[in-house]
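Below, each structure is written out as structure tokens.
Shared chain: chain A. Partners: chain B in the first complex, chain C in the second.
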Partner chain A sequence: MPPTDRTPVSTGKGRRDMIRFIAIRLLRSLLTIALVVTFAFVVLRLSGDPAMLIMSVDAPPEAIAAFRRSWGLDEPLWTQYLKYFGAILHGDLGRSMRDGRDAIVLVAERIPATLALTIPALLIKLGIGIPAGVHAALHRDSWSDRLVMLAAVAGFTVPSFVLGLLLVLIFAVQLGWLPSGGQESWRHAILPVITLGVGGAAVLARFTRSATLEVLGQLYIRTASAKGLSWGRVVRSHALPNAAIPTVTIVGFMVGSLIAGAVVVESVFSWPGVGRLLVVAVANRDLAVVQCILLLVAATMVTANLIVDLLYGFLDPRLRSARSAGAG
Partner chain B sequence: MTILTRRGILAAGAALGLARPSIVRADDRPAVTVAVQKISNTNTLEPLREQSNVGERVFHTSLWEGLIGRNYQGALESVPVLATAWRRIDERTVEFTLRQGVKFHDGETMTAEDVAFSFGAERMFGPEGAKPEAQGRTLFTAETNPGRAGKDLPPEVPAVARRMLPSLEKVEIVDKYTVRFVNRTPDVVLEGRLSRLGTEVISRRAFEAAGSWLEWSRRPVTTGPYKVKEFRADSMLILEPHEAYWGGRPPLRELRFVEVSEVSSRINGLLSGQYTFATDLPPDQIAGIEKNPAFEVRGSTILNHRLTVFDKNHPQLANPLVRRAFTHAIDRTAIVEALWGGRTVVPKGLQWDFYGPMQHADWTVPKFDPTEARRLLKEAGYKGDPIPYRLLNNYYTNQVSTAQVLVKMWKAVGLNVQIEMKENWQQIFDRNSPRAVRDWSNSAAFNDPVSSLVNQHGPNGQQQQVGEWTNEEMNRLSVELENSTDLARRRVVFRRLLEICEREDPAYTVLHQNATFTAKRRDTRWKDAPAFAMDFRAHNWGG
Partner chain C sequence: MPITGVDKTASTPLIALSNLGVSFDGVVALRGIDLAVMPGESLGLVGESGCGKSITWLAALGLLPARATVTGSVRLDGEELPRTKAALERVRGGRIAMIFQDPASALNPVLRLGRQVSEALTLHRGMTGSAARAEAKRLFDQVGLPDAARRLDAYPHELSGGQNQRVMIAMALAGQPDLLIADEPTTALDVTIQAQILELLQSLRRETGMALVLISHDLGVIAETCDRIAVMYAGRIVEEASADAFFAEPRHPYAVGLMAALPPLTGPRRPLTAIPGGVPEPWAMPPGCAFAPRCPRATPDCGIAVPPLTALAKDHAAACIRVTAPVWA
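So, the complex of A and B:
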């Protein structure tokens, strides 16, 4: 481990700095979420008429006019925006224009289905990607390194909808082992989880390999070896913790996309999760639902990033002390 | 060691006796899964809100029934359903004799009370009812969003109802099984209007018992052969048999519609045996599916025509000669053969066979005649100025490829048509830049030209409402067609309307009839209908 300033965070000043750091991050996060909501509102309102999309172009003009009026779509954009933002501040995320239910209820209903795919997929990504990346780095230029990287490049470059359809053709159509879509049993989740997991594992393997290789080239690794530590100990105690920082960043993004990171896969496998809801809601300009999902995604991503930032400090005391110095 | 006692033997016998009926009742009927692109656009199962083709597929004939239906195994002619007979009392009144012994899904018997309630203020027209002063108004005093306000109707429901039955004054109960529909004005097509989507009958008691309109609309209690077991919006609709169905025992143990948005996923699900039917297939997928001899694609024309629509406010289209040139430059047969594999037809203008006596069998779309098109353009003095064609990305089947073919055909006669891709209908109708040509499709909600030509191109129709086209004579004759009861005169008026809209002052030109394609295993004994509706009643299964 490189030498660091070991200023303890448990002191009063350290704690105050940490609180200030978190508060600034939270404020920045809230600003980000507000910008996301505003951007989505303007784009969605300007790019399509929900009345015509939901009622269909062939609906009687009176019905379309009545729909617009009842949802306030005939009001000026800024009035709609102020009302919407005011409602958000009061905790009201609006209702679906398609069936009148609270947007948050609709979205919340779909979250378990999405997590049923994304959490196992995340475990696959972590369970395969990180060990494969470390293994490839530790066996650089060996046949196993080349094999891992070949698989990683393949997994990284094949789009998920292509991989999904390929898996369906093999395991559902040809072999008849697994269902091709739907959400009726755990067997229905196997193909979408694999489809989601493979791409992420490939990304993680590549990042982990390059991060580990970079650390292995550092002087402190050579020093640790020269001190007589076993290679295994050098890797466990000095290489992996330092290589973890870039990997944690990627994992943070993956955790942040747990809610809405399966849009394509959910469509290919007709999986009724948040991703499918987002596609349908965007297609119908079901504004409250789209904005609710975006709000949730933004909040998840921002939270994940915040946790990653905090983890940086935990993993690398240099960053922690730099923050303290900066804050002081 | 087990000791058999007399009491034990009696108890075992009693248990067996109790168990036996469940063995007898074992349901050996098949369960069917239909993969569709969309179950419901509005996330409701109420036809007064879900006025779509996809809705028709789920509603008719599995869930909803009206007084008059269509023969889905024939040519869509009117057939008695919940009414056994009907007769004209006068020009404004039709009397219906109701079918007796019809049970709703909740076990209640259907009576005239239910029919009158189905067409009443609470379910259909809203607080203002079907009063004359409510006609033509687009906004209503009791406007509320659906869902929160108990039984208040979403405002678009009364709007749809008033468009469906614009002059309905009241529904009179004559006796328990007789009702009279009374119009304010003479209406020769009242029977036709009462066969269209949205005029189905509901259980008054069940509607009143539902907690909210939204709750009702997601689990309606009707008379159809199947009832709602579970509805997961955007995902799945599971229907179970209504064993007391008046038309005989439903042939399926379960009828499941699953929403599969991707075409390839629907096909894969069918080929893997997960789905019994895969619907909404584009024509270019048919050959691939039928390579497997176990499967076939059934499909037929539906009550919907694809049109090219003109905006005659555009400087180049103000002269009807230019629009006529458009209509003569199109080789419609080539489009049908090339893009539809010959699986649809070029119809006789904006009319359908089921119009019966109102159909003009000798009418045709404008003849493909490039020479005539060039002559018309020369006469009009058209100099090749650009004409915009606003296009959506395959909102309709084959839309973009059809547009590309059309532009080439128009170019061949000298028309300089330029495609402008648009994302949605709002952009198609946008008036901030010049509009000229767009796509559309027209359906016939019932068996009379009022349902299509008047409804969609007449004074209250979309094309005139969005300001693309108008014609004084068309508007005058539209009113006459709606109110006249003289068949011979109505035929004359209809023909004149066709002449105006398709020849003299083209509002649109018909390209081809639309078709829908459904794949299934060849050994699935089921016949498709010439409509989006899928018939899963006993007479159409396994025979």
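So, the complex of A and C:
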């Protein structure tokens, strides 16, 4: 029998529905990004005059006027907005008001440094959070469950700047094992990566635990046991694939914050990544740079969400059918 | 040795539960069940919801959550079934299979039906790949699923409730069990589908020779399907009889009440009578007969001690001092 007859999802209609679903989601994503860009534009224009900040308050009025003119800040807000939007559509994200370089170049330079922290941190979150959560759920109310949950509560209630400072105090100041800040070697990354990873691992452990517990209480788990499957097989083949569905949402959110998720930690550890650039650019009202970062953050988040949505369809056949029905 | 009314000495029961008890965090749900199923027979287990019908068999198969405490013994082919993981896993699906009330939630929503059936085939009959698939298709045909080949690749949400129950039955048959426990298999289905599923269970029993325990709150369902009937009330068996003897003359007042609540299949229509009151909560069980507070024939003596299941005839036993005690008592 040809596979197309056996798999309802891969039929011509199914594929068309899928393309249509993705197209709609893409359009929605673009709309979301446009809204974020607009919002950022309005808030930044309302929150202070870049000319005053960059030129300093004492600068002669003519110089400030000239600065405004050269950056187009003297034009009506509406015109500025349309110009800005038009430029974005042409791929022009503007130049930094501080050193005149392209904002996109400034930001792109910082991305590797940020990813050097956030990707290892994400691996820690996944590698510790998910197994810990599943273990806790499978050994509900045991001492190891309580230990995991205690650690998880501690992990996500302590704010990252407190944890960062605490780690610096212990490992850099007291023990002198690791540097307290900077980016000279991989050893400099250890403390910020741990700081970033702990909170996320804690959140993921709690979430995975409750998702797994929810699934373990379902009737099909009893059916699988009644079939004679060993408990390990029941968990692997029946519980975990179902528990993965809600967990993917949280993981998607974490993937979405790979670029912007390290603002606080980068500041604590003087790590020259996108987050630090954002803090400095906001302080200086360096409009183009802030907007460029926000655009990038929105794009990452929206992309991650899109991937999560597609993964849902892959993991949950019910959703796949609902989409087909909705699109068709 | 508990006294049971029905003669079970003829051959070894397939499965015999004796003094099976279950409690959840100290609250007693099952108060000592003695019940045996002979090879090939069909036993109906009837009673209101919450009386312990399902718990009896979930306990026997070790399928209750860990906080349940199970006491008593389960003998399979006359041999004590140890309550160890390994022993229970061997029995489940292979010797004794079970199907449940709500087939849509009893099937895994994210796995294809064929795979869920093949799993049992691999486990109990060592079949894999295309052999397992072919056998799964044969089972789907056997349980009367239309378009069996396509159904193998479907997911539970793509089938109706009745079709899903057929899949559950196919999955249960996969291990070629000696006993199928059907726990309210038709309760979630509409009436015409109910009849079809009951008919299917009957014909499968004829074809395969497996024994059947049909758990239901509906005497009508049991009447059509079973050779023997056990009535449960508040965690105990209160009456046990052959279907003929039972429907000719139910003895326990609770069973009489159940019959009165059943519309007669033949004869003139009569108003149906409900049993007044409700089942006592497990933590507020009356000291003597649990049915006494609702019983039209109760006497002060009923509150003294729990009446034992006592033989009334060769194939009829009841646990009620009003029917078993000598007239002069």
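What to note about this one:
By definition in this document, the second predicted complex is superposed on the first by the 321 of 328 C-alpha atoms of A that agree within 3 Å, B and C clash if a C-alpha of one lies under 4 Å from a C-alpha of the other, contacts with A are read in each partner's own complex, and residues count from 1 in each chain.
In this section, a residue touches a chain if its C-beta (ideal position, glycine included) is under 8 Å from a C-beta of that chain, and two chains touch if they have at least 3 such contacts.
From a predicted model like this one, the values you see are computed outputs, not experimental measurements.
Annotation for the three-chain superposition on chain A: chain B and chain C fit side by side.
In the superposed pair of complexes, A:L315 makes contact with chain C only, with no contact to chain B. When the two structures are aligned on the shared chain, A:S270 is found in touch with chain B, with no touch to chain C. Within the superposed three-chain model, A:R222 lies in touch with chain C and out of touch with chain B [touch as defined at top]. By the touch criterion stated above, A:M52 is placed in contact with chain B alone, chain C being left untouched. Chain A is touched at more residues by one of its partners, and among chain B and chain C that partner is B. Using the contact criterion defined above for the overlaid structures, shared-chain residue A:S96 touches chain B, although it does not reach chain C. In the superposition on chain A, A:R69 makes contact with chain B only, while chain C stays out of contact range.
Least inter-chain distance for chain B and chain C in the combined superposition, rounded to the nearest angstrom, is 50, based on C-alpha atoms.
In the three-chain superposition model, chain A touches chain B and chain C at no common residue.
Residues 41-44, 51-52, 137-140, 143-148, 154-156, 158-160, 162-163, 214, 217-218, 232-236, 258-262, 264-265, 268-269, 271-274, 423-427, 440-441, 443, 456, 460, 462, 465 of chain B are the ones that touch chain A when the two sit in their complex. Residue ranges of chain A in contact with chain B, taken from their complex: 47-49, 52-67, 69-71, 95-101, 106, 165, 168-169, 172-173, 176, 179-183, 267-270, 272, 276-277, 279-280, 284. By the touch rule above, chain A contacts chain C in their complex via residues 1, 5-8, 218-220, 222-231, 237-238, 241-242, 245, 315-318, 321.
Considering their complex, residues 58, 61, 63, 85, 89-94, 97-98, 100, 102, 105-111, 119-120, 123-124, 149-150, 152-155, 157-158, 168, 171, 175 of chain C touch chain A.
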